[in-house]
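Alright, structures below, take your time with them.
In the two complexes below, chain A is the common chain; its partner is chain B in one and chain C in the other.
Presenting the complex of A and B:
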C-alpha cells in the first residue's frame, strides 16, 4: 500500500488469493457485521467427522466413554442417599417423609425433578 | 524490539500479559455483561469493579462449549484488554495465543482473520494448554527425578468449559491420548443454580452470585456416604450447613457467606485425613446459646442454606453418572488416556500427573483424586499427583516462558506469510 493511502486511514482490505470470501465482500459498506454466528453444534456438523474413517483423533472420538462402574443413587428432593425408588414416578427418595411429599406433587413438578437427572420423559 | 503479548484465551477468564513476565497483567472474565438497570454492555474487567451491580446480569460469551464461535464479540473484549489494560499497539508486537485442543478448521480460520486482519499483529504462534503447563512444571523440577529424565507427564486441565486429560511427551501433546470430559466450572455452576433454585430461592439468572458461592463454599469430600450421613444431623451437629446472604444493593453489593469460620469447620473433622496437621476436634456441644440464633435462616434478608450441595456439586466431576451424564468420571478418564499410549509410558505418566485449571481449586481435590485413582492403577506403578501452585495462571506462565526463549521469533507465522500462503498452510506449522 502506498504510504499516502495508509496514512489517510482508509483501510482497504487487500485481496487474498486463498480466500473464497474476501473481507470486503463479507461486510459491504453500510451493513453492520453479521449477527449470525454458527453455534458449535453447527460447526461440528459441517465438519462431518463421521466421514473420516482413518481413526485420527478429532473432537468427537476423544470424548470420555461411559463409565464402567455403577452409579450412586441420590435422592431427587434432598440430595441424600436414596436406596428407594417410587414406582409410580420413578423418583428416588431417602425416607418415608419425603415419599409423602412426592405423592403430593403435581405431574409437572415430577417431570422437572426428573429432568435434573436427565431422566424426564421427552415426547417428540 | 518487538515485544510478545501472551494471551491465554479461556472460556471463563482471559489471562493477558507480556512475555517474560512472572505474572499476567490482566486476569479478567471473558464475557460482556449488562446489569438489568443499564443499557450499556460492559466488557471484561469492568465487571470486576466494586460498584458493579451483580444481581440479574445478562452475560454474553464469545465461547460456546469451549470453542470461539463469535469473533466479533471476542474482538470487542480483546480491544478492551489490549487497548486499556495492556496498553500496547498490536502492529508492533507478536502474539502467543493459547487455543483449546482440537480446534475445528473453521474456527482456526476465523481466529487467524481476527488476529492478522482486524487487529494487525505482526506474527502469531498458537500453543495448546497442556504442553505449556508441562513446560512450566518441567522447568521447576529437580534434575534427578524419573519424570524429569523421561520428560513426559499427564496434564489434567479442569477448566471452565470442559476437562481434558492430555499426555505430554517432550513438550508435545499426544493427540490420540487426549480424553475429554464435558464438565467444567460452567457445568458445576449451572448444577448448583438448579439445586438452589429447586430447594430454596429461584436463582436461575444469577450466574455471578452462584459462582461466588461455589468458590467460597464448595469442597470435595473424601467419603461421600459418611459425609451425607453427617449432613443429615440437625443443628450444631451438622458441620456442613452454611448460609449465603444475597446482595441487596443497599447495604452490600456483593453476596457473602454468613459465617466464614463456620464454613471451614469441616476441615477439622477427625476423619483420618492428614491435610490439617495438629488440629483438635471442635467442641460442638458447649456453646449452643448464641450459636443457635446464627443457625436460623432469616427470611427477611434473602439468604439460602447449603448443606450437602457443598460437596455434591464437585462430586459431579468424579462421578457424572450419578447425575445422568453418560460419561466416565475423572479417575477413569485418566486411566483411559494413559492406556491409549504406549505401554512403556504408563509408569512414567502415572508418576507425574499435573493438575491445572480453575476447577481444581476446590479443597481436597488432589487427595480425593488420588484415593480414587490408586485402586485402578497397577500396584507396582507409583501414583503421584502435583497441583500447580496457581492453577489459573499456570498456562499463562508456561506461555511467558516459551515467549522468552531465544528462538521464539523463528517459530511464529508472520503477517506476510499469512497473506501469501493463507490460514491452512500456516496452521500446519503448529501440528494440531
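Presenting the complex of A and C:
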C-alpha cells in the first residue's frame, strides 16, 4: 500500500476486536453467496401489510396520495409553462422556437428529456 | 467536500452506561455520545469497494475521501453503494461496513461495543429492516441494548426544548431521499397522520445534474454528482410564486437577469503563438520549391509522352507508306509481319495515336464531323431492300439502323442543348437590358419572382412529403408508421385502393370499357407523380433566377443555403472555443430544481408536494385531535437537509395558508440547525434519565424477537419529563442513569457494569476537548466509589 493511502486511514480493516463475528467469517471469501438482501419492494411485500388492516400506520399507507390538483405542464427543454405537445416525441414545449429545437434533437436526447419526468419509453 | 472524521481517542473514558447516538441518515452518517452537543464523527453514508491496483486486493472504503487518492484503486468495476433503498436500510452488509467504520472512528476497544445505542430510522420502518438492524447490532457488535426513533421527531423535540416550536405542531422534514410530515400532539408524534413523499435532496441534485448535462452536453464530464450538489447548495432557491417567477424569466426581464448566476469552468485558451516571419518565409520557400519540382516532373512526363507518341506515329506512317508501295496480293503476308491484320486497323491505329498526341500537346481534338462524310458508306446497307441481302448482311443492316438512330438522337440532343443555350443567352440579354434600364426595379422584380417561385416549390414539396421526413428525427426510411400523417398524394392513393377494394359486386362491372380506366393502376402505384414536368420547369427557372440574383445582388442568399445555415445554428460550430463556452448559466434551474419538492409531478412522481401533503396530514388526524389543528399550524417546524433552500418557509406558509381556513393562525419556522438538530435531539434524548425505560435490550431480543420489535415504540415526550438538560450538566445525568440502570438491571449484567465503569486514570483528565466534552472525571461520583 502506498504511504499516503495508509496515512489517510481510508481503508477499512477487515478485522475488528469489538466485533463478535468478523466480516470474513460472515461472508467467507471465494464462496458464491448470491444475493442475500431484498429490494424495498420485496421487503414491503413480505411485510404483508394487508393482513394488518387495523388502521395502524405502516410504511405503505403513510405514503402521500397523488396530488388533487391538475398537474401543470412545463416545457421539457426550458422549464417554462408549456401549452403545446409535440405529437411525435411527446415532448412538451413552450413556443415555436423550442419546437424547432425539439425537431432537431436526436432521439437519445429526446429520451433523456422524457426520462427526466419518467415518461421515457423503456424497452425491456 | 470529502469528510474524513478524525479517530477519537477517548472511547475508554466513557462509562458503558453512556449511550452512543447514531443518526443513520441517507446522506450523512453521524455518531457521537449521548448528551454532547455535536456528533463526534460525520461521513457520507456510502461504501466503495474497489480493487487496489498494486496488490490486486479488494479493499473497503467507507465515506468519501480525497478523490486524489483514488488513483491507486481500480474503480472500474465498483461504485459507491448505499445501504439505503429510498429511506429504508436494506443492504446490511453495507450497513455493517459503515458501522465498522463508525465504531472504529469512535475509537471502540474491547471485545464488543459495550454501550447502549440509540439509532434513528425512518417513520414506520418495515419490521424486517428494523429486526435485521437489531440482529446486526446485538449479534455482531454485542450491543447491550438498543433504541430506535425517528430523526425528524428528535429534531422537533429538540427545537421544542429550545422553545422554537410548541408541543402541538407539525414537523416538515425534507431529507435526502424522502420528505415527511409528522404531526405532534402533546409532544407525541401522531404516526397515523404522518405522510411521506418520495422526493428529497437527492432528486433535486439529480434533476439539476441532468438538466445541466442536457443543456451543456460538451461539458458532461465536468458536471459530476459532487459538483451538482455543490451548485445546488450555492445557487438553488425556492420561488415564492413559481408561475410568476417563470414569467419573469420567460420575458427576460432585468430582474431575471440579475437572478441569473454563472458557473465558470476553468478555461485555458488555446495557444496562438505567432510564428516568426523568417520561419514563415522559409516554409513558403520550401513549398514553392516542392511545387516547382512537381511541375518539372509533370513537364518531363509530358515531354517524354509526346516524343513517344511522335515516334510511334512516325513508325506507323512509315508502315502506311510501305503498305502503299506493296502490291495488293502481298498485303496480307506483309501485314502478318506486323501486329495489324488489315489496312483499316492500321488506319484506326494512326488515327488513335494522332488523337492522343494532340491531347498530349493540349491542342483541341479533331471533331468527329469527319464521320459525316462517310455516312453513306457507313450505313451502306440501310437503303438496300431486305430481299437483296444475305442473312449475315441482314444482321449487319439491323446493326447499322440501330447505330444510325442512336447517333441521330445524340445529334438532336446536341442541337436542343445548343438551342437552349441560345434561348438562355437571349433571356439573359433581355434581362440585362431591362436591368440597365432600371436596375432597382429590375432587382425588385427578380426578387419577387424568386420569392414567389421558391414559395410555390416549397409548398409543393411540403404537400408531397408533409414534413414527415423533413427533420430526420425518425422514420428516415420513408415508410409510414402508425400515427403518422399521410401527405395528400399518399391519401389519394389510399382512397383509390380502398374504393378499388370495395366497389366489387356493385352492379355491372364496366371496368376496362374505357381506356382511361387503366390509368387507375398507374395512379395506384407507389411512386406515381402527376405533374412532374411543370415542377421540373419551375425548378429550372428557380435555378436560373438564383444564379442571376447571385450575379447582380451581393446581399442575396439562396433559400436553400439559408436553411442550411439555420439548421447548423444549433450544432456547435467548429470554431475556436472562448471563455463563454466554458460558462454555464444557471437561470431558471435555480428554482426549477427545488420546485420538485412542491410539485413532484415535474419528475414524474405522482404524489402531492410538501404544502398539499401538510393538508393531507391534517386531514388524516384522528377526530379527537381536530381542535388541536389550529395550534398545530401555529407551530410548523421545517427541518432536514433539503429545507436549507432560501425561501422555503415563506413558500410553505403561502401554500399551507391556501388550505387552511381564513384567518386561522399559521406560523412556519425553520429549525435552528436543520441538518444537525435530529442528532442533537437524539443525543439529549439518550441522555435523559428515563431513556433506559425506552430501550429494547438484548434480553428482550432473545425473549420476544421480532414481535417485540414490532410493538416497540419509544415515547418522545420523555424529554419534557426529564426537564431541560443542559449540556454542561450532562455528566450528572449520565451517572444517574448508570445508577438507576444498575438498580433496574436492564443494561446487561451487573458485573459487566461494575467492571467497566470509568477506567482509572493516572494522567490528567481528558479535558482537551473544550466544548464538546462533558464527562469530567474528577466530578464524577463514580470515581469516589472506586477502590
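As a working rule, the second predicted complex is superposed on the first by the 69 of 124 C-alpha atoms of A that agree within 3 Å, B and C clash if a C-alpha of one lies under 4 Å from a C-alpha of the other, contacts with A are read in each partner's own complex, and residues count from 1 in each chain.
We take it that a residue touches a chain if its C-beta (ideal position, glycine included) is under 8 Å from a C-beta of that chain, and two chains touch if they have at least 3 such contacts.
Quick caveat, the model's predicted, so the values are computed rather than measured.
Participant: On the superposed three-chain arrangement, identify whether chain B or chain C touches more chain A residues.
Facilitator: Of chain B and chain C, the partner in contact with more residues of chain A is C.
Participant: Classify the contacts of A:88 with the two partner chains as first (chain B alone), second (chain C alone), both, or neither.
Facilitator: So A:88 only meets chain C here.
Participant: After the superposition on A, what does A:47 contact: first (chain B), second (chain C), both or neither?
Facilitator: After superposing on A, A:47 lies in contact with both chain B and chain C.
Participant: With both complexes superposed on chain A, which partner does A:108 reach: first (chain B), second (chain C), both or neither?
Facilitator: Neither partner.
Participant: Do chain B and chain C touch any of the same residues on chain A, and if so, which?
Facilitator: Correct list for chain A: 13-14, 16-19, 23, 37-40, 43-44, 46-47, 56-59, 62-69, 71-72, 74, 78-81, 112-113, 116-119.
Participant: Which of the residues in chain A come into contact with chain C in the complex?
Facilitator: Those in contact with chain C are residues 1-2, 4-5, 8-14, 16-21, 23, 26-27, 36-40, 43-44, 46-47, 55-59, 62-69, 71-72, 74, 78-81, 87-89, 94, 101, 103-105, 107, 109-110, 112-113, 116-119.
Participant: Contact residues on chain B for chain A in the complex?
Facilitator: Against chain A, the touching part of chain B is residues 64-67, 69-70, 72, 102, 104-107, 113, 117, 175-176, 178-182, 194-195, 198-199, 224-225, 228, 231-232, 307-309, 312, 319-329, 332-333, 336, 419, 421-425.
Participant: So in the complex, which bits of chain C are touching chain A?
Facilitator: The touching residues are 4, 7, 52, 54-55, 59-62, 65-66, 69, 72, 85-86, 88, 90-93, 96-97, 100-101, 103-104, 108-113, 122-129, 139-142, 191-192, 194-198, 207, 210-211, 214, 217, 243, 246, 249-250, 470-471, 473-474, 483, 567, 570, 588-589, 592, 599-609, 612-613, 616.
Participant: Hey, which residues of chain A end up touching chain B in the complex?
Facilitator: Its residues touching chain B are 13-14, 16-19, 23, 33, 37-40, 43-44, 46-47, 56-59, 62-69, 71-74, 78-81, 112-113, 116-119.
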